[in-house]
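Both complexes shown next keep chain A, but they swap its partner, so chain B is in the first and chain C is in the second.
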Partner chain A sequence: MTPMEFLIDPFIEFAFMRRALAASLAISVGCAPLGVILILRRMSLTGDAMTHALLPGVAVAFLLTGFSLPAMVLGGFITGLTVAWFSGAVARSTVLREDASLAAFYLISLALGVLIVSSKGSSVDLMHVLFGTVLAVDDTALFIVATIATLSVLTLAVIYRALVVECFDPTFLASVQGRGALVHMAFLTLLVLNLVGGFTALGTLMVVGIMMLPAAAARFWAVEVGRLMVWSVAVAVVASVAGLLVSYHAGLPSGPAIILSAGVICGFSMAFGPRGSLWTRWRTAPHFVR
Partner chain B sequence: MTTYKAFILAIVTTLAFFTHLPVQAAEMLRVVASFSILADMAKRVGGDKATVRALVGYDGDSHVYQPSPDDAKAVARADVMVINGLKFEGWLERLIKSAEYEGPVVVATDGARLLEVEDDHGEDHSKTGQHSHDHGLSDPHAWHDLRNAEVYVRNIARGFSHADPGNTRFYGANADAYVMEIRSLEAEFRPRISALPADRRRVITTHGAFGYFARAYGITFRAPVGMSTESEASARDMAKLVRQIQKESIAAVFVENITDGRLLRQIATETGAVIGGTLYSDALSGLDGPASTYLDMMRHNLRTIIGALGS
Partner chain C sequence: MVGAITLDDLTLGYDRHPAVHHVTGTFSDGSLTAVVGPNGAGKSTLMKGIVGALKPIGGRIDVAGVGRRHMAYLPQQIQIDPSFPISVLDCVCLGSWNRVGAFGGIGKDEVMEARSALAVVGLDGFEGRAVGTLSRGQLQRVLFARLLVQDASIILLDEPFTAIDERTCCDLLVLVKRWHAENRTVVAVLHDFEQVRENFPETLLLARETLAWGDTCQVMTEGNLIRARAMAEAWDEAAPVCDAGDMA
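And then the complex of A and B:
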């Protein structure tokens, strides 16, 4: 087997491999830049928490419509936004900090979701049905993921400047424009949209993993926000291709293979990246490290 | 003295009342069946003289079932338990022990024509010559052969008669009527299945429950290679399966009621095999579904397979 055959053949021979690739690339482009913003805002665990919060909406939509991906995405989107909005509002108007109020609301939402799932009165693992897998991407799922990725990139381009300012100096933006909350909400909406699309089409691990790991890896390669985003997308794309190939050649489950590939890149970046990695810290004097 | 007597009388009548209770309740035979298919059979045999409860309900998966306290209560109060046996309900032994149930347990597969478990990994256990009493090696899904269903029904009727000897004839008559229905279903479908072309008798399902169906009607069921309900599929397994379908000229792919059909649908679009619809294996559908009783389930499965392979 020549290297080209190794890399290309699986995708030429099998349509499901092409679909898996297209879906993971779409999710890489949509999610990885959001991960960068989350890391800058110290909200790295928000993505994980939010995927749990989506459950009741997705479950209700599933129980009402049978299996309709658009309905499930819509249901998850509504609950996700509700949780995001409530936790944001509580954080701004009470003593509870944003992370604590998000924790509270996502747990409430998760409990509600488990309740709804169980109330179906059957021991079928609904969770199994609700979460997609990378290998079973049909046309609808592909369309949803691609649409969300497109929307996400366009919206991010529009709110980019305000978002970056808000990340580093929320009070400044509030004082000059008073649009801080608006930008924050737009960002949260994007986040929820990406999470819900990703997890119904590809699974929770896939979407949160592709969102956070490449962004964390990018942190060791660049400083400026735009470059961080480009790096994170690049890492996500490489991890997607590598993971699918590993899954194909070594017979490992695809979702975990992709995320572990991202993990390997992230680990390598932590050790050897040019910005603030272990290696640079070891090489330079222990003081004056940025 | 009179108050004393009245007191004794009160106690005696109360005791009499309480000791009388189980006798009254015993007029309805309390049956707990391990899953919906057995419960349906038990209902047919028990008629209006038995109340039947299924532990694993409609559309449930017996392999991953978690007993609830309610279930334990039902087991503890049961007069008869009906189970499939052959380790189909691995969780049940513990439940029976923890509920301290000591009554009779009807093992429905007793005396059925059993099938050795086909090993997915290529090792052949069937040549060891062990008889079907070695329960570790027999495929438990014996109800997918209508001839075994007769055995199930007879076992249930016998069990009920032991527990409630007064109604022996009633249970016997119900079982006879039910067996007649089973036989007429068999007579209706056997010729139609035999008429299917020989080169279209290979199908794929996600759940390896159809060994008995395969034996009874000469249909080859292939499991999707290396895919189980629990583990996530790898791209290699998917690729193998697509090649397998193309190489073995598999005619149809069936989506089961208890596993995620998305993977299979993907495979069917890739290979052009027919998606045959849902086959019910380990659980009945809900009351408004196409397989709300055992006979409906068998009729539905037979029709679905004939429909897909005849096209």
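And then the complex of A and C:
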């Protein structure tokens, strides 16, 4: 087998590999930049919490419509948005901080979801949906994640400046604009949209992993926000391709293979990245004059 | 009067406890006023109220002629995240928000303006530095450069010279005087009495209530300052409800 065959053949031969690749790339482009903002806002665990919060909506949609992906995306989106907006609004208008208020609302939502699932029996199918597999992506799922990725990139471009200023100096934004909360809510909406799309199509691990690991890795390669986003997307894309190839050739599950590939890149970045990595802290280089 | 700030029986506070209590008066258009008083006197609270970050629990604040767009505010506790990756030049460019907004392009003009503002505050060559790598004094210079670019008709400064070295302080005071000469309304919270006497024509002496407000030489008298120092700072959980509002 030539290297070319090794890299290209799986995608030429099998339609499910092509779909998995396209879906992973869409997730990479949509989610990775959001991860950068989450890390800058010290909300790295929000993605994980938020996927739990989606459960009641997904469960209700599943029970009402059976295995209808669009319905589950809609249901998850509504509950996710409710939790995100409530926790954002409570954090901004009461003494509770963002992390505590999100924790409160996502736990309420999760408990509600578990209640709905268990009261209706047969949860096996639903569990399969929640931890879905990258290789089972059909056309509908592909269409949904691609649409969300497109929407997400465009919206992010529109709110970019306000969002960056809101992270950097919220008092300033409030003094010139007076609507800082609006930008934050727009961002949370984007976050929920991406999570719910990726999560129903590809599973929790895939979407949260692709959101956070590449963004964490990017921190060691770039400084400026825009560059961090480009780096995070690049890392996510490389991890997607590498993970799918490893999973194909070694016969491993694809989702974990993709996320572990991102993990390997992240680990390498932590050790050897040019900015603030272990290597830059340990090396002894002569200091400058000024 | 454009650029005047009128306080009408203003009460601001937290959890129903007043920090600024029944204050009435006017920062007239083009005035340069120092706000002086002990810690806990409500100086920062007053600034927050004027800028609109805190809703009055009584009375009114009128900002004549200009809206929030023409007000620039430098808070005491800057909430800037020092680890946030943004360059000095980008930070100063934010001053042009009123003209470009969240969506408009930042063109050559805006960048030129930001660069010249940086030169004015003595930070030539710092354009590409990350804001987080600056010292406290350098950061204050950057924030003054942003105020310059904001070109506002009302400028509110909350303890702008605290923890700032003498040279930086002198340089920045020159800017404050320049704003005054340009007929902008400037209100600054300060603690250095000498500095106030030398540079600020008007003073508001605040100890939750107005102790004196007017010409600096008449406000900053020994007697007034002793009265200010005697202000009770205690927060009384069992304080009775204030009935001054009912009498009005």
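Rule of thumb we're sticking to: the second predicted complex is superposed on the first by the 278 of 290 C-alpha atoms of A that agree within 3 Å, B and C clash if a C-alpha of one lies under 4 Å from a C-alpha of the other, contacts with A are read in each partner's own complex, and residues count from 1 in each chain.
Basically, contacts are C-beta pairs under 8 Å (C-beta built on N, C-alpha and C of every residue); 3 or more make two chains touch, one makes a residue touch a chain.
For clarity, every value in this text was computed on a predicted model and none was experimentally measured.
**Student:** After the superposition on A, what does A:244 contact: first (chain B), second (chain C), both or neither?
**Tutor:** A:244 sits against chain B, while chain C stays out of touch.
**Student:** Of the two partner chains, chain B (first) and chain C (second), which one does A:255 touch, if any: first, second, both, or neither?
**Tutor:** A:255: touches chain B, not chain C.
**Student:** In the superposed arrangement, does chain B or chain C reach more residues of chain A?
**Tutor:** Touching more residues of chain A than the other partner does is B.
**Student:** Check the residue A:158 against both partner chains and state whether it touches chain B (first), chain C (second), both, or neither.
**Tutor:** Second partner only.
**Student:** Which positions of chain A touch chain C when the two form their complex?
**Tutor:** Of all residues in chain A, those touching chain C are 40, 158-159, 161-162, 164-165, 167-172, 174-178, 183, 223-225, 228.
**Student:** If we count contacts the way the header does, which residues on chain C are in touch with chain A in the complex?
**Tutor:** It is residues 51-53, 68-69, 71-73, 75, 78-81, 84-87, 91, 94, 97-98, 102-103, 130-131, 146, 150 of chain C that touch chain A.
**Student:** Which of the residues in chain A come into contact with chain B in the complex?
**Tutor:** Those residues of chain A that touch chain B are 10, 13-17, 19-20, 121-125, 128-129, 132-133, 135-138, 244, 247-257.
**Student:** Residues of chain B touching chain A in their complex?
**Tutor:** 56-61, 64-66, 226, 229, 231-239, 242, 258-260, 262-263, 265-267, 269-270
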